[in-house]
Amino acid sequence: MPLLHPDRLFPADPDTRTIARRLYKEIKDAPIVSPHGHTDPSWFADNAAFPNPSALLIQPDHYVFRMLFSQGVKLEDLGIPTHHGSAVETDPRRIWRLVAKHWPLFRGTPSAMWLDHVFQEVFGLEEGLSVANADSLYDHIDACLQRPEFRPRALFERFNIEVIATTESPLDPLAHHGKLKNDPWQTAKGRPRVVTAYRPDPVIDPDFEGFAANVARFGELTGENTRTWEGYLNAHRNRRAFFKEHGATSTDHGHPSARTADLPLAECKVLFDKALSGKISRDEAELFRAQMLTEMAAMSIDDGLVMQIHPGSWRSHSPTMLARFGRDKGFDIPMQTEYVGALKPLLDRFGLDPRLSIILFTLDETSYSRELAPLAGVYPALKLGPAWWFFDAPEGMRRFRELTTETAGFANTVGFNDDTRAFLSIPARHDVSRRIDCGYLARLVAEHRLKEDEALELAHDLTYRLAKQAYRL
Amino acid sequence: MPLLHPDRLFPADPDTRTIARRLYKEIKDAPIVSPHGHTDPSWFADNAAFPNPSALLIQPDHYVFRMLFSQGVKLEDLGIPTHHGSAVETDPRRIWRLVAKHWPLFRGTPSAMWLDHVFQEVFGLEEGLSVANADSLYDHIDACLQRPEFRPRALFERFNIEVIATTESPLDPLAHHGKLKNDPWQTAKGRPRVVTAYRPDPVIDPDFEGFAANVARFGELTGENTRTWEGYLNAHRNRRAFFKEHGATSTDHGHPSARTADLPLAECKVLFDKALSGKISRDEAELFRAQMLTEMAAMSIDDGLVMQIHPGSWRSHSPTMLARFGRDKGFDIPMQTEYVGALKPLLDRFGLDPRLSIILFTLDETSYSRELAPLAGVYPALKLGPAWWFFDAPEGMRRFRELTTETAGFANTVGFNDDTRAFLSIPARHDVSRRIDCGYLARLVAEHRLKEDEALELAHDLTYRLAKQAYRL
Amino acid sequence: MPLLHPDRLFPADPDTRTIARRLYKEIKDAPIVSPHGHTDPSWFADNAAFPNPSALLIQPDHYVFRMLFSQGVKLEDLGIPTHHGSAVETDPRRIWRLVAKHWPLFRGTPSAMWLDHVFQEVFGLEEGLSVANADSLYDHIDACLQRPEFRPRALFERFNIEVIATTESPLDPLAHHGKLKNDPWQTAKGRPRVVTAYRPDPVIDPDFEGFAANVARFGELTGENTRTWEGYLNAHRNRRAFFKEHGATSTDHGHPSARTADLPLAECKVLFDKALSGKISRDEAELFRAQMLTEMAAMSIDDGLVMQIHPGSWRSHSPTMLARFGRDKGFDIPMQTEYVGALKPLLDRFGLDPRLSIILFTLDETSYSRELAPLAGVYPALKLGPAWWFFDAPEGMRRFRELTTETAGFANTVGFNDDTRAFLSIPARHDVSRRIDCGYLARLVAEHRLKEDEALELAHDLTYRLAKQAYRL
């Protein structure tokens, strides 16, 4: 029995499954367009070998260690570095064994599916992780990683990735992207393969660590006087242009809420001064972020960068864990998120402008049918991003389609993006999405709500066309 | 291949589908009871020919033009009149072609299904709209519309409509309904075929355009002094009686929220004076509407009109579009809606009274299982309206049943209503509802949660009996 | 045709159903672990015959009489005692007939399924309740109840209950549990069969009827000075120890919200004094309850009692019904419930402590995927309780698994609990849960998302192991 069944994730009903298989067969080999993610550009710029199985597959994956932590495994024992210098496991094999011991916890989760996919499709393995085979799997993968065909660029090509976007802070010098610009590999297929995206939270969010220092550095990098509101906005324009030169076609905004504002100039200046001085209240910081979304929209109309809004995560919910291990350790928790009132100031100003394209994401599934589909189904400037983060999983993806299609159709959605730093899981994630979408379309065909030729066109759209078009790639 | 498959919308599983077919066969030809909608009473009073395919099928349908607008089609090019006199397309054939060009946008949406149903069942067509056949379809439909059997009354009878309710403002003279009263067609089957419903928002909502003038006119129409609270309430009593004489069995209330209030008389008077003067705050306007729901409930206990509460839409979300095109142009967006606290003042006073019947609707599906089913499952005065507006679609209807039945059963729901101004789509909409309900019942039978004879009785209830009973028709 | 079909509640798809059958066969006879419920301990202590069919099956079941009431049946006619001495039906046979007359209202609800299960499995009946057979069913059941094999202990053993928890107030003398301690039946299988749980709402909630008197009585029972904050906390410690001696392994907290607090000592004292004096605002009462959850967590770390938090019910929504009939009459209505911010003070202090175990329940299904699964999927102190109350039903249980598994897995859930005072329905409720879980697992197997051997282990976990482990039984 292979690790992956060829019919996995298709609906069980035989007729529906047969249709899903037919649709999937036509699109399964389409190139991967990965317009939003968090891979490390140095991998592609330097093309060095990945260090070891644990560093590659376990340690960058907060889905994995949050589950282990919930069941009593210490992050130190997974080799996650601490800020307090407590002893941390350094032997990748011991980390691997610890994960193997707890692997049954992942039954029914996407993590298990993704890792099985990596095992079989990338490393040619035929069984899933267990205590019994942990060492032999480790050895096999470790040996593979030494070989040239497992270097980042070789995998990139093997995965049939057409283009991948990474995400960088405005303060990032984009050194790796710069190196890639001068590397023939980057444009061997005509267009850039690895592009950046503009993620300005560190210089937009007054609550970000070191905000004032970040803004000062932002001024140095751009040659603008970022102590003034005008200079600060110019620094954004300048840096967005720099990012565009490094392939960026989008910006990305991870605010706590979707709130936007459209304030008079004088108020903007006052808020900005307060933000820089650090003497800004919680509400004012929220208002500043809100105003900045509208400023970013204005700039997008000028420079054509697509906006992505990813709201609704309570970042680093546990202060103890933040102090001990830093950000992005699995303690980001979704919150209720309101869009209809929150986006209104921005939409009142720019929502009807066809030059603007905003892709909305959510961690609050209740907003799909109630707010997001109705908004995206009428405002030309709005599109819906795919099921995100915790919902980038079979049931989450199904709910996304079932809750949005009847109101927003397919054309107001943007295909799939993987949003991951786990490079090897990218084909797995796109494959899950393709299978779930084909299964959903197959159900519509089986229920005679769609003709099969229409479904096939839609399968192509959802797999490839919509992402390229929405992200202007 | 016919445009409509006879098994459409039934579950794909063969056994379940077979049961669904059996149930559907028994109820598919039941008369249509349409207790809530927005058709134009002049159609039935005057029985004139419909003007052309676009005016009949496209221009009254905000589901259609909101989707087109979201993808860059201008409303002017669809012939939607503007308030600013910008040039508007006047050739219905060009409008029709424009819709045909973008028709693939509607894949997977109820609009596509409804139009296909109209094409096949009303006009005898065998293919769906496309660029290739747009002209020939237009010509065929246009020719049909000239013929007597496509006049409103002929279609009314062909659709097997037993009764249909329209919705009118208290300021409406009900001229068409008055004309119908004296027309033998109206009562040819014994009971009135076309009835009105009392929709008092223009004289209840202080935020409604021209509220004070409306209330003054309300006084003139009723002969009451609507500058006083007592006179204003009397005007409602008077006008409700007038509507009852024109067949009304229900009132309809489209407030932003479900809030109700039960204030002392003195406060009511103060609020009313403020509302009339226009010097009313946002919160006070909300409170006035809240009080008026309770006043309407009191009058319903006296005169027996069923109350419908349709809250939770942010009307005309885009001020630019409101200014340019007016209300009801697809920019009404659902909001989070709370019921448990909101309805309490009204329920504390009247919720246990079996003479009162309130039908609750929602655009916030999260309230189905959390609030509405538990409330309707215990308060004698409450019933649940069907999946509404954006949710009047296959998945929306399925979720409605799955989320309400276990707590509220079927008897606390009221069957289907179409809520449409698109007259020709009425049989399509009722057919979708009948198929989805039969599919849901069939699943319960297939999972041995219901006997098939019980399911059959329920199918009749959901199709016909509950609507007649709940709306006292 | 038997009343219960052997395949009931399994998915209709034949392959999936076959897998579900195989899984169910292996776990259907596992012992019942009932770690949270509201049966009367006197039943097991005294082992007296149950009085009559209506007193046993109808009158304790608010699911039944809320539905009947919603459709116009008076609670007096069901023999529910009033506080105002109005005439109440006293003939159990007439009550039974009244229920039979309205029994079709329950189609599609869990109540119908549970009663059918009791009829067939407990009383050997072969048909469901109807007007025609109401008397003969009544007579049959009534005759059974006179027989020794229908006494509480005999049923307990026949139901294969391993352990059952009841729920008591700290003011309860635990007389029945005390009697059981000295009864060899209680420990005939080695471990206690009937245990209590500590439900301190009457002495924690300032809004509870008679709060100050309750706290005074609490002092008398424990010998602590409960007029001081320290003495009050000591009284809890003392009483928790007393409950532990009577088998308790858990506490249970039914607050309106999930709010917690971690206030300075001085503020705690002030709040407590206000609560005792009755001069406490609504917000302060909420804050006091919030603080008490954190105090209870601190005590749980010391004494090992598992905490259950059951928030989100608006208790006794109708003041008229509360005044007339008292609490727990079907008028408790779910509300929107927020967890991420609400639990933070408690989690900041204790959330990473593996000695603490908190089981979270919800009546707001939107929190499953948005808040609860992400929280329980990372905090070691948190687990998810099963679908609760209105959601303890097939569709509710399915949604629970579909909405939580991908983020929290199975190990962060705690199996099933019945939460009922309807003793005879306990096997029915556990059977529904087992069937739905097997059907869900079977779907994962049929979609090749899980191997069947993994599903079988999980079926055991969900049926038996997780409940024993989570509740430390």
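Think of it as A, B and C in the order they're written, each chain with its own count starting at 1.
Everything below uses one rule, namely that contacts are C-beta pairs under 8 Å (C-beta built on N, C-alpha and C of every residue); 3 or more make two chains touch, one makes a residue touch a chain.
The model shown is predicted, which means the values in this text are computed figures rather than measured ones.
Trainee: Based on which chains are in contact, what kind of graph results: line, ring, star, complete or other?
Mentor: complete
Trainee: Same or different for chain B and chain C, when you check if over half of the residue numbers at their contact belong to both copies?
Mentor: Mostly different residues: under half of the interface numbers shared.
Trainee: Using CA atoms for the superposition, what rotation angle relates chain A to chain B, in steps of 5 degrees?
Mentor: Fitting chain A to chain B on C-alpha atoms yields 120 degrees.
Trainee: Between chain B and chain C, what distance separates the C-alpha centroids? Give it in angstrom.
Mentor: That pair's centroid distance is 40 Å.
Trainee: Two or more other chains in contact with one residue: find those residues in chain B.
Mentor: 11, 13, 366
Trainee: What does chain C use to touch chain A in their complex?
Mentor: 11, 13, 15-16, 338, 340-341, 344, 347-348, 351-352, 354, 366, 369-371, 373-380, 382, 402-403, 405-412, 443-444, 446-450, 454, 457-458
Trainee: Sort out for me which residues of chain B touch chain A in the complex.
Mentor: Against chain A, chain B makes touches at 4-5, 7-14, 66-67, 69-72, 104-110, 113, 314, 317-321, 330-331, 333-336, 363-366, 390-391, 393-396.
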